[in-house]
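When the chains are written out, they are named A, B, C and D in that same order, and each has its own residue count from 1.
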Amino acid sequence: MSSREPRASGYFRSSYAQGLRLLETRTQWTALVLFLTALGIFPFTATSFQLDLACQVFLAAIGAIALMLLTGYAGQVSLGHAGLIAAGAFTAGILFKEFGAKFWITIPAAAVVGALIGLIFGLPSLRLRGLYLAVSTLALHFIVVYLGGEYETKRGFSTGILIDAPRVGDFIIRDRKIWYFVLLSFAAAALLISLNLLRSRTGRAWAAIRSHETIAEALGIGVPAHKLLAFVISSSMTAVAGALFGYYRGFVSVEAFSLFLSIQYVAMIIIGGMGSLLGAILGAVFVTLLPYVIEYAVAQLPNARSYAGMLAAFNYAAFGVVMILFLIFEPQGLVGIWRRVQNYFLLWPFKQKPLGGGRK
Amino acid sequence: MNPLLRVEKLEVVYGRAITSIQGISLEAHKGEIVALLGTNGAGKSTTLRAISGFLGLDDARVTEGAIHFKDNSLANRPPYLITKLGIVLVPERDKVFPNLSVVENLSAPVATAGANRKRLEEMAFTFFPKLAELRGRTAGLLSGGERQMLALASALVCGPELLLVDELSLGLAPVVVEDLAQRLVEIRDKLGITILLVEQNATVALSIADRGYVLENGRVVLDGDAARLKSHGDIQEFYLGGAGERRSYRDVKQYRRSRRWYG
Amino acid sequence: MQLAINIAVLTAIYALIACGYVLIYRVSRVLNLAHGELMMLSAYLLITTASLFSKTPFIALGAAIFLSLCVGVLVYLFLMRRMTGEMVLAAVLTTVALGVLLRGLVVLIWSAQQQNPAQALGWVNHSLPVFGGRISAAGAALIATTALVYVGLFLFLRFSRYGIRMRAAGQNPLLAAQRGISLHVIYALAWGLSTLTGALAGILISLDSGLDSTMVLIGLKAFPAALVGGLDSLVGALLGSLIIAAAEVLMIYYVDALLSDVVPFLVLILMLVFRPWGLFGTREELDRV
Amino acid sequence: MLKRNLMVAAVLAGLTGAAAAQDAYNVGLTGALTGPAAGTYAPAVDGLRIYIDKVNAAGGVNGKKVNLILLDDSAQPAKAAANATRLVNDDKVVLLLNASLSSTFAPTIAESQKGNVPLIFASSVCPKDVYPPANALQFCTTAFAANYDSRAVLDFVKATAKEPVKLGLSAMAIPISRGEIDYAEELSKTLGMTPVSKQIIPPPTPDYTPFATLIKDAGANWVYSWAPWVTQVRTLEGLRRLGWTGDYIAWAHLEAENELARLKDGKLYVVGANALFQEDLPIHKEIAAAAKAANSQYPVNQMAEGWIAGMVIEAALKAAGWPANTDKVTASLSNLKVDLKGLRGGELQWTKDNHFRTKQYYRVYRFDEAKGAIVRVRDWQAFDVK
């Protein structure tokens, strides 16, 4: 940085407005621009399989960000995330099949349905905490999947509801490159909405509730309202991700929303690092790509073809092993690694942060 | 004679950032009752935790100094092994298992190697006969004093050589405290158990202790015989609430200047 | 009458599985979501021991159960021990990861096809007449085993020193350590016992109706039973299992079998609304998790 | 941020490192090789793999190797979608195969249509689109067939039953099985039978006795089940446990041969389209030898499905010539005749608008307690597919 003025070495904010700013230094701007450029170039150099993976990552990122808001920031544990994704997907699917509704109706509809479900299933959170809350959200998953399954069978869509590619005027979103940008912009929107929420009064209220409900209440924070708000916002975002999933894949079917999916989302926020949006994104990338990376790595073993049948089981087992190793050796999550690397370069040639101050 | 417990220049840092105690040295000889006095945040509990091996739970660690017990260094030992060596802590809060009955509370502890467990359990009842009446009662339903008795009794079952008692008097009526204090003396007299008593209530502590240490801001500022401490002007004024007329805060500085620094 | 027997067998199945969840939760506040997989692993271990000791089915059975106990202890020593002190959610996720690993391993070692331990042991699952209904031998064994396990666990926790220590460690691990109790030993014991009861369930179910990877799902279905009863109470687990099993069987009989998957969770929600800590759970648990 | 992007890019780049072999026929399969459904599909896929390996060892097709790419979807639609995308777009397969639950059909079909790649359902349920008039790109080699199976079964029941049939029905709570049993219920009425009880059983059921109790109490003397083997056999075991002595008829899945021998139940009939291995035809010996050489972990008698798929693929690629493209393969598949050497009742023939087979043959087996062996109850019977 060739600035004439001496640069501050600490992290100083002299007004609240500064604290609310998203980007503070020129380095951050540069990094952002470079990153966006890279994201923009990527689809033109990638194969369609890579594009598909990227799209999966974006979808997962929306869901993970939503769950991070709820669990990582507001402190409300949820195991019903797959149910919400299913609710969004089915809203889009049913509206399309029954009423031939358009893209720009079904997506907001999914958001509204998600918000309503979030409101209903946020109610137990007023009474329950921790594990018990998680289980009550688990019930949500089973109910949504049951209803979806009944709809499918009763209407005779036994292999799933097929949804046509969304159409804007005469333009049909079918090409994967276009999907890439559509999903990227949705993910970016989710990120921005979350960032804005978190740096506002709402975000601070959530943080207070997560730390200590009683004290938060004593500080004059409307605990029930803010808890419900967290559920509503998170559920709404998740349901939109579900509707997008339906459109992107071109089908909706209950089997796509197993309990395992919920667990994958929880894995994303824990592996990514609790209480960090960057963590949610890193977690989404990691959990989505890991099976494919393992599959690829295993396929490189000599003579892999001859035990192909076992290979799949091996992939599965390896996925478990990597998750376990991660949980044991990096409890801070990917964000922990990220910060360590960042600090290493920031502080170089020193090894440790001085006491106090510094950026967390 | 070597002291039973020797703490040398102990320094404990919480979360790699906050130094809680600095250069604390103290000793406890066999059969002594030693009082550790100080206000909130003086570092009494930290010292106890360091001795009983519970620092790790709060992301704290001993950065300097050493703790010796019967010529064993206690550094890096898990709590249950420290108990097995013969150091038993009666904690400040949550001192009994609330859903277990009194008898079960007494049969849960693991005795030190070679101790006669049956005899220990009987002894617990002889020191605290009231517990015998409450045998089948769930510990969570006991009164504060009874709880403290049960906590002391179940600590005795571990067969300690050194008993660490954190805030004996906390939340208890003066009569009960008096009674419990006498029991401690009895335990020391009959079993020869050394007792390290951490207290805010200096009156009680100094009435039964042989020696005492006064901690402030993580340092030992005064030490000596109980009698000497009792008569010390600052102790009189700040801990025993005596010394007649009120002084203004300006004079408090005098006290600050007069304290001794160890380590 | 047959209705009552059907409910009894299903209750026994759920109760035997649920006590595995309860044991671990009660002691270490961790929810073991790999319980179904551990159960399945035990049943597969029986396939292997049955081929090793094909002449003596009871030795094969004993060996499989003993191996399961070892697996449980090893899981604690090598895996869950490292998660002590971490976020509970992370520990739960670790058990999920363990489950994924085990599922993969089982397919790797025993392949994905259906197995029949009863056949491997050379046993025939006779059907016995009782009180005007009929019950399979394995079903009867299930009920008997469940009764034995619950009585045994009750006696163990109430009267044996290690049982009392286990309860103590569950209530206040810090104090337990101060009283000289080695938490690692207690936790390892809990994991071992939990896997042992899971193994009994897995083996008996597979003796009754064969073995494949759907066993995992059965493990998961017992979970609401444990919760309805209160996650830290054995009596609760038993009663919870009865409620869930009865609701499920009655639903099959009189309403719609398809609802039987959802019913346990509906019961659960009702329970959570009125008594969030379960029928017999301790109230304070709510604040701890 | 930049670093993360680079890392992602590196990982993604790595993933496609497995460049498609240019000098071979690329054939891709997405299947349930792990997970709860694997028991049904993994053995068939292993059979297919062994067959293709044998073909390659013998010099390949038209002098070119067949590069069979196996991907696991654990019966999860999202995974199947990613697999199909990769196979069609990156591996540039000329032929796509699905061996998984019906939940994976929609995404696989979607990719096959987008990429104009022919798709064979091998060992998975045949979707509606393969029956006449068939979708141009979808084919099916799987033995069982909705509606035709129930026709054959009820036809057999009607011919065998000596007294009026009170029919109990059992399905697994998956759409395909429910649909078929609903169909059978209607059909049985037209054949003069009385359907007395229909049970739809959710897959993770620990105890089948409650369902069996209902069937028994309804007074059924014949019970028909068309579902994955687990449900079929556990319903039967539940019934027998209750002392029910009626006749039971079920579909002969891959597991049937071992299971008949295990159950030793004289009144259990299985209806199937594949010849059991105990017939010991030359082709069966050949499969056994190949499976043994390949050290497969699955029993030989579960490999017929995979073997048939292999024979079809070989024949189709041969007819398509070299170099092949998707259009040529589709064309050769749409006009194909494969001699199955006795694995089924006759040859498998595909025409322009029939991608199932022109004739479906059924055989009925049961275990004969007196002989201590499985016996044929009814030999091949052909049903025309229209």
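Note that contacts are C-beta pairs under 8 Å (C-beta built on N, C-alpha and C of every residue); 3 or more make two chains touch, one makes a residue touch a chain.
Owing to the predicted nature of the structure, the values given are computational and were not obtained by experimental measurement.
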Worksheet item: Chains shared as neighbours by chain A and chain B?
Response: C
Item to complete: From chain B, count the fewest steps through touching chains until chain C is reached.
Response: 1
Worksheet item: If you average the Cα atoms of each chain, whose average lands nearest the overall Cα average?
Response: C
Response to the item:
Cα centre of chain B to Cα centre of chain D, whole Å, reads 74
Discussion item. What's the distance between the Cα centroids of chain C and chain D, rounded to whole Å?
Written reply: 35
Fill in: Centre distance in Å when chain A and chain C are each reduced to the mean of their C-alpha atoms
33
Practice prompt. Going through chain B residue by residue, note those that touch at least 2 other chains and give them in order.
Written response: none
Worksheet item: Residues of chain A touching 2+ other chains?
Response: 310, 312-313, 315-316
Discussion item. Multi-chain contacts only, two chains or more: what residues does chain D have there?
Written reply: 33-35, 42, 297-298
Worksheet item: Contact residues on chain A for chain D in the complex?
Response: 31-32, 34-35, 38-39, 42, 46-50, 52-54, 56-57, 152-153, 158-160, 162, 245, 249-251, 253-256, 258, 260, 282, 285, 289, 291-293, 295-296, 299-300, 306, 308-313, 315-316, 338, 341
Worksheet item: For chain D, which residues are in contact with chain A within the complex?
Response: 1-6, 8-9, 11-18, 33-35, 42, 45-46, 49, 53, 70-72, 74-79, 81-82, 85-86, 89-90, 101-107, 110, 127, 175-176, 178-179, 294, 296-298
Practice prompt. Name, in rising order, each residue of chain B that touches chain C in their complex.
Written response: 52, 54, 57, 78-80, 83-84, 88-89, 91, 94-100, 104-105, 107-112, 154-155, 158
Worksheet item: Which residues of chain C touch chain B in their complex?
Response: 85, 161, 164-165, 167-168, 171-172, 174-183, 282
Item to complete: Give every residue of chain A touching chain C within the complex, in rising order.
Response: 71, 77, 124, 127-132, 135-136, 138-139, 142-143, 146, 150, 259, 263, 266-267, 270, 274, 310, 312-321, 323-324, 327-328, 331
